[in-house]
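Quick notes on the structure that follows.
Note that the chains take the letters A, B, C and D in the order they are written out, and that residue 1 is the start of every chain.
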Amino acid sequence: MNVSFFQELLNSIAERGRLLLERSPDGVGGGALQELASALLSGRGEASGVALAGEILSVYRRAEDSEKIEFFRYLLDELRPDQDKIAAAAQAYLVVATSKTLTELETAVVSPRQEFFRRLNLAPGATGCIVAMRADLIALLPQAPELAPVDADLMHLLGSWFNRGFLVLRRIDWSTSASTLEKIIEYEAVHEIRGWEDLRRRLDPADRRCFGFFHPSLVDEPLIFVEVALTSEIPGSIQELLTAERETEAVTNPETPTTAVFYSISNCQKGLQGISFGNFLIKQVAEDLAKEIPSLKTYVTLSPAPRFAAWLVRTTNEDAPGPDDAETLTLLEDPSWAAHAQQHESLNQFLIPLAAEYFLKAKTSYGKPVDPVARFHLGNGARLERINWLGDKSAKGLRQSHGIMVNYLYDLKDIESNHEAYINEGVITASKSVRSLLKSADKSKNNKKRKEVEMPENATVEVNE
Amino acid sequence: MNVSFFQELLNSIAERGRLLLERSPDGVGGGALQELASALLSGRGEASGVALAGEILSVYRRAEDSEKIEFFRYLLDELRPDQDKIAAAAQAYLVVATSKTLTELETAVVSPRQEFFRRLNLAPGATGCIVAMRADLIALLPQAPELAPVDADLMHLLGSWFNRGFLVLRRIDWSTSASTLEKIIEYEAVHEIRGWEDLRRRLDPADRRCFGFFHPSLVDEPLIFVEVALTSEIPGSIQELLTAERETEAVTNPETPTTAVFYSISNCQKGLQGISFGNFLIKQVAEDLAKEIPSLKTYVTLSPAPRFAAWLVRTTNEDAPGPDDAETLTLLEDPSWAAHAQQHESLNQFLIPLAAEYFLKAKTSYGKPVDPVARFHLGNGARLERINWLGDKSAKGLRQSHGIMVNYLYDLKDIESNHEAYINEGVITASKSVRSLLKSADKSKNNKKRKEVEMPENATVEVNE
Amino acid sequence: MNVSFFQELLNSIAERGRLLLERSPDGVGGGALQELASALLSGRGEASGVALAGEILSVYRRAEDSEKIEFFRYLLDELRPDQDKIAAAAQAYLVVATSKTLTELETAVVSPRQEFFRRLNLAPGATGCIVAMRADLIALLPQAPELAPVDADLMHLLGSWFNRGFLVLRRIDWSTSASTLEKIIEYEAVHEIRGWEDLRRRLDPADRRCFGFFHPSLVDEPLIFVEVALTSEIPGSIQELLTAERETEAVTNPETPTTAVFYSISNCQKGLQGISFGNFLIKQVAEDLAKEIPSLKTYVTLSPAPRFAAWLVRTTNEDAPGPDDAETLTLLEDPSWAAHAQQHESLNQFLIPLAAEYFLKAKTSYGKPVDPVARFHLGNGARLERINWLGDKSAKGLRQSHGIMVNYLYDLKDIESNHEAYINEGVITASKSVRSLLKSADKSKNNKKRKEVEMPENATVEVNE
Amino acid sequence: MNVSFFQELLNSIAERGRLLLERSPDGVGGGALQELASALLSGRGEASGVALAGEILSVYRRAEDSEKIEFFRYLLDELRPDQDKIAAAAQAYLVVATSKTLTELETAVVSPRQEFFRRLNLAPGATGCIVAMRADLIALLPQAPELAPVDADLMHLLGSWFNRGFLVLRRIDWSTSASTLEKIIEYEAVHEIRGWEDLRRRLDPADRRCFGFFHPSLVDEPLIFVEVALTSEIPGSIQELLTAERETEAVTNPETPTTAVFYSISNCQKGLQGISFGNFLIKQVAEDLAKEIPSLKTYVTLSPAPRFAAWLVRTTNEDAPGPDDAETLTLLEDPSWAAHAQQHESLNQFLIPLAAEYFLKAKTSYGKPVDPVARFHLGNGARLERINWLGDKSAKGLRQSHGIMVNYLYDLKDIESNHEAYINEGVITASKSVRSLLKSADKSKNNKKRKEVEMPENATVEVNE
């Protein structure tokens, strides 16, 4: 019986990998990965790159955290650009800046790690493994911050590979494969999906949609997905949107919808942190929906306000409490207050103006809105349209934002100017009604009591809204 | 009737593109592309990148050569890294080389052109357009060599995007789409395909195969393809392999084949010049064939010797002609000699030892074999197995190589060592029989008459063997 | 805005359907279906068949049971062959039997219902609706047995349409669509699947397989499916096979399997009752598995004995009970006996010989084995290989068969002769060990006490084994 | 190495087939097919039907015509219904006509050939072979007309299998597989396609379309296809429509089309003769085009008049020639007349009224229009819209119809009533302008001279218009 020559080649290289493992008293970390990585960048890598790359990934998968750190340190220390060459090229450039000296300087500074990862990508299924490798690295960074340059190289490469031009928008529905759907359940970051029946309620009804971006090399793995409800008006409550008790008629024969509501966007791949897809996803989905459903006129989100409660605590000025502050905040401490909210209309009048201040006035040290979801949508050119009282009565919603949810409106004719005003001048575009809340807040006495604090802005936090 | 909001957005941007065009007295080149490119890299590009990128590609397609050069010059001059920043970063690095100063230097030297092309790739179908753009640029380089840095950036980016890990191997046969097949006819660079019936003879019979690499973003466009014949022995003549008069029985019920013959490899995309796929293609196809057809034992090429005739002329030493040189070379001047070759056995004895010398001893200024196809296969780790007399009687074959063809053998157990010996020491691995030709050549007097000349090595010529 | 001309056509016909509905005081049943059916068979059906067929299906779906019966009665009474024509053709044939008089008789007896259903199939998605229509009809037959000829016509047509040559074998695994998978959960008729995690355990592990037959017109709907375990020996217990506590290693890296175990076959479509696919499915799956996994040597089932307990009761001869019968049967009345079965070895010795008798000697009124699963596999040419004590400890298994399960072996070289011996002479092929159980049973005294009763054979019960 | 058990089974049956062949002194016809056919209907067929069916098809493919006739005779004589049983059932039915005696009569008359062909369809790829088998049979019928009952059974079965509900409409364009496209070239029955470039002109331009019906079991084989041009008016000349010299602009950027012109419909499968798809194809394509291109308002054909010249000859009344008949007909004898047609305006005035008579008054012996294409479109409910002078200047067009072409218009609101008027009363719906031609013809003297002859109507000729 024939054994493929090339199968043998693969085997022989795998064999060597195993020998290296056995030789090393300290297991994988004792050098196997390093030796293989070195071989991949050598002449051998040119002849047998596919097999070597496959073997590296196979050994890596079985490695312990400590061995992974050792491997990343090897990449950091050994696969870095040659300092002497850089210095020589830098000096030559400083003597005379020509196209030639610039090219030489560019060449000198490029990290051999990039070529290493490019060759690593030769192995079947490697792209997904490299994304997972970066997820590992990100998790290890707090304990090994010196590895940041390795992460920078990985992010640079992945940013190039996962360019939006290579992504494919796919609808995700009940005819999608179970292996993809279970990832939707797992990755949903905003409003938890409780099992397959809950999932079906978000995908299957005639007035629900879900779309994701996929990369051709990560077949079943969504990169980011958005859940959409088709409605006849802008909704204010996530629980009403997701209730299991919707009338069957509405589910199977929805009225002609006028409004597409983006109520959840989740990034899926930790290893692609910092590479942004959400902006493209929303616009592409809006465009496709407009073609499919001519009756749609309004594209809007139903979004959380994840740092509202935290901001409220930090800015509470104990020295100048308002007349009813103490009582009001005490009410909020009882987690069941939302269940009989109608008894507490005062909370509404207390919180909503504060929410307006949180969105329109509170700033991070970078001068951006405190709310990360706001930063995302305003950065996309959307407008803060409405602040909804009791929009999210879930435990998480009450804890993070005292139940507040907001709508961001994507209005074509303003997207570009909103975006530029936001980027260049920090302008937060909001509807009249939201702005008027702030005015009334300014007039009220509650507002005067806020402490001036700067909220931190964690640049790497992904927006899952 | 509904007009998609986002369609409107696209239209409005296209409109502006048109206005720019009209405004500019000099047509497209007068600034439209440049203005759009500048916008793409600005904040507007973040909000409306997809539309802007599409418009740039649309304007570019209609541009004249002179306008394209102007556009590339804009990329060269305006989208280059900031010289002052580079100088500052270079100086800081020379003062102290840390991870931080290195990162800053890396950032400073990166050309904004790369980000420009990455954003350009946002438009639907952009990847193919960018490949075509580089093909334009390569064609313009001779008249505008200063554009080389733009080409370098494009090549860097395309090399990353067209990483072998993203390519898909697909069989090309008679059930492939006509739009792909017509490209096979067009791109075949070695043994011309004369129409659809000729094509069918290479794809459809049970003992023929064709495989290509495809990229997910260039759906119908092969990047490179290889044609394979399944035989029971190593063939020496391309005409016998491709004859239209093969017995039907052999075509539909081939004997169990032992030998896979790679008789033609063609690169398809001028815009991917310098990005090598051939090595991977041969090895992947060999692996897949081995799985499909267990009887295969031998993987071999039937390859041209494209510079043999040129080398022969340049190295002919008129001062010391051999006794029968003059007569022999006169014979070759008659293009019909091959038709009655059996009458000219002397030619065989004259040319074959010279061919051995051409392959084994003649070197370029870089110390590599003169023959570009030899450089390709020896670089892959193959062995020069056999030199075939009258292997290609076509006009092109006679003109380029006096009809000589060779076989390169891919033998698993030696690929890696062959490759390393070739790369590190310039060793040309050849079979005993080929080496013995050289010995007999060394002993004959013809050989002593060769002039010592250095043949040029055109680094950018693609191997189409 | 353009409204498709043909959409208008559809609408106008739907409109008429609605008018008919409104006109009729008795709702749908009051004639709408009948009028539409009559139109479909008329000249109008030739011009607008697709639209009329669609409208019939749409009205049918909303009909009540009583209206459906009325509709089927219309098909029975009005769309029957013309009695006078039959009589004339029959007389002509009796006068002289020629090719011509035969053709005329054939034409006269063909029911117009067949043409009706063929035209009904013009509507998009009609095939699935017609299958569902027959499921309705089968459910109504007990209360309207006179409709049997309509059922016969439907079954004749569906048998032709669902010819095995048109079926596609597809693997069902974790990358299959959720809409198909939920049907697997729903249709599994033998060993209940308890939710998605249980399903995954049957599809996803490396040593599990599931295959189904699909029809091109019923995209997501399996017709029949079989679940397979790949093992290293013939298993005797379904609980051991399906346990959730299998070692991970075995699941992801199974030893090279030698045995393919068909442990569940389920028919999915009630409307295809009487049209048999199981025989083809088992043989096709065995063939495909043999190609994929060369180490497989044995193809065997793990099957229930669904009527064993019932047979035991009916044949118990109260007049001549054996010494320990009473006590033994009392043990079985405690449903928890199987949990501590090792304490009741006597049950094993009591039941197993009776099971041998049940399989090898007990006959229906048609002279076939009492056990329907046995009839299925023996009819396929399989051999009764082994009787397993405590093979199924589930409540259903204990209730139906006191926990007995059996293996049927599919051995190539004997399939055809086994089948012929079974069909022609009623021979039940069994292994030596099973036959020896019978001999020991014959010698024991228990056996003499069986009553001679004839068990009924429900010809239309589908085998879900 | 493992040989699939079931592969062995197939081999063993193939072996027997071969033995039968060898045994029989008269080759295949000497009984091998008959023995295998008999086995397929026996108990063995139940156990090993797939293998037996495959073997029959394999032997059949190698059989000579004489052996095929012998095989069909076997089907005729041996696999016919049992005469005694029919007689008994007929008598029972005549005694009393009940549901039971009818069912028994139905069962008795059904030909075992139908079950034979159903089992034959078990083999992989059988459906296509059975279609080809019927094509053979149709070709043999003239020399063996007694085989008509076998053909009737095959047609009955294929009509059921190729029900429109199972057909798939697919667009055929330049991205379709070469293996399908070469069939389009081969099967085009109306306006010959001269090679691949000609084909591309019909498929690739933005204002051209081609659609075909496919059956899931005949993957690459179209059953029927239609070629469509999108225009801004109803065209009168096929040469203008198909010219290779169309302006590029029109080809790539057509004006918004208002008219879909069906200018060629070709049936592809001789073995499906008598099973009509054209009606469904036109209506489905019209519906799909209306959705894709909202600007379309008119659906019309450009059709030949294939029997016009023949009718003209047969009805010429030599006894009463008009004043200019002789001269006019002499002109037509010169095949180059159409090249300088403008010199012969008299021909126009002579022929067009005769064409109106040909379409509106000439009848077959069945009372239908003489023109088969007219029968097809009028039967579909279309209207004869226009008669075009010099519509087809090809040799075939001049020979068959003196260059006349016509347009049939498909107008939604009239399709059903046109169809019914045509079927029930023989009404030929025509536009006012066509009818007025007839009136003027009635008044002219030419018309009075026509002989009254009945044209034959070949019921089995397929419409390729």
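As a convention for this text, a residue touches a chain if its C-beta (ideal position, glycine included) is under 8 Å from a C-beta of that chain, and two chains touch if they have at least 3 such contacts.
Bear in mind the structure is a predicted one, so any value in this text is a computation, not a measurement.
Peer 1: Hey, what chains does chain C share as contacts with chain D?
Peer 2: none
Peer 1: Quick check on the contact network: minimum steps from chain A to chain D?
Peer 2: 2
Peer 1: Going by C-alpha centroids, which chain is farthest from chain D? Tell me that one.
Peer 2: Farthest chain from chain D, going by C-alpha centroids: A.
Peer 1: When the C-alpha atoms of chain A and chain C are each averaged to a single point, how far apart are the two points in Å?
Peer 2: Comparing mean C-alpha positions, chain C is 49 Å from chain A.
Peer 1: Provide the C-alpha centroid distance between chain A and chain B, rounded to the nearest whole angstrom.
Peer 2: 40
Peer 1: Between chain B and chain C, tell me the centre distance in angstrom, where each centre is the average of that chain's C-alpha atoms.
Peer 2: Distance between chain centres: 59 Å.
Peer 1: By the touch rule stated above, which residues of chain C touch at least two different other chains?
Peer 2: 1
Peer 1: Hey, how would you classify the chain contact layout here, line, ring, star, complete or other?
Peer 2: Looks like a ring, each chain touching just two neighbours.
Peer 1: Go through the chains and record each pair that touches.
Peer 2: Chains touch in the following pairs: A-B, A-C, B-D, C-D.
Peer 1: Chain A touches which residues of chain C in the complex?
Peer 2: For this pair, the touching residues of chain C are 174-179, 181, 195-196, 200, 220.
Peer 1: Could you list, by residue number, the parts of chain B that touch chain A in their complex?
Peer 2: Residues 1-2, 4-9, 43-44, 46-48, 50, 80-81, 83, 86-87, 90-91, 93-94, 97, 99, 102-103, 105-106, 109-111, 118, 121-123, 126-127, 146, 148-149, 152, 157, 159-161, 163-166, 168, 216-217, 279-280, 283-284, 286-287, 290-291, 294-297, 299, 379-381, 412-413, 415-416, 419-420, 423-424.
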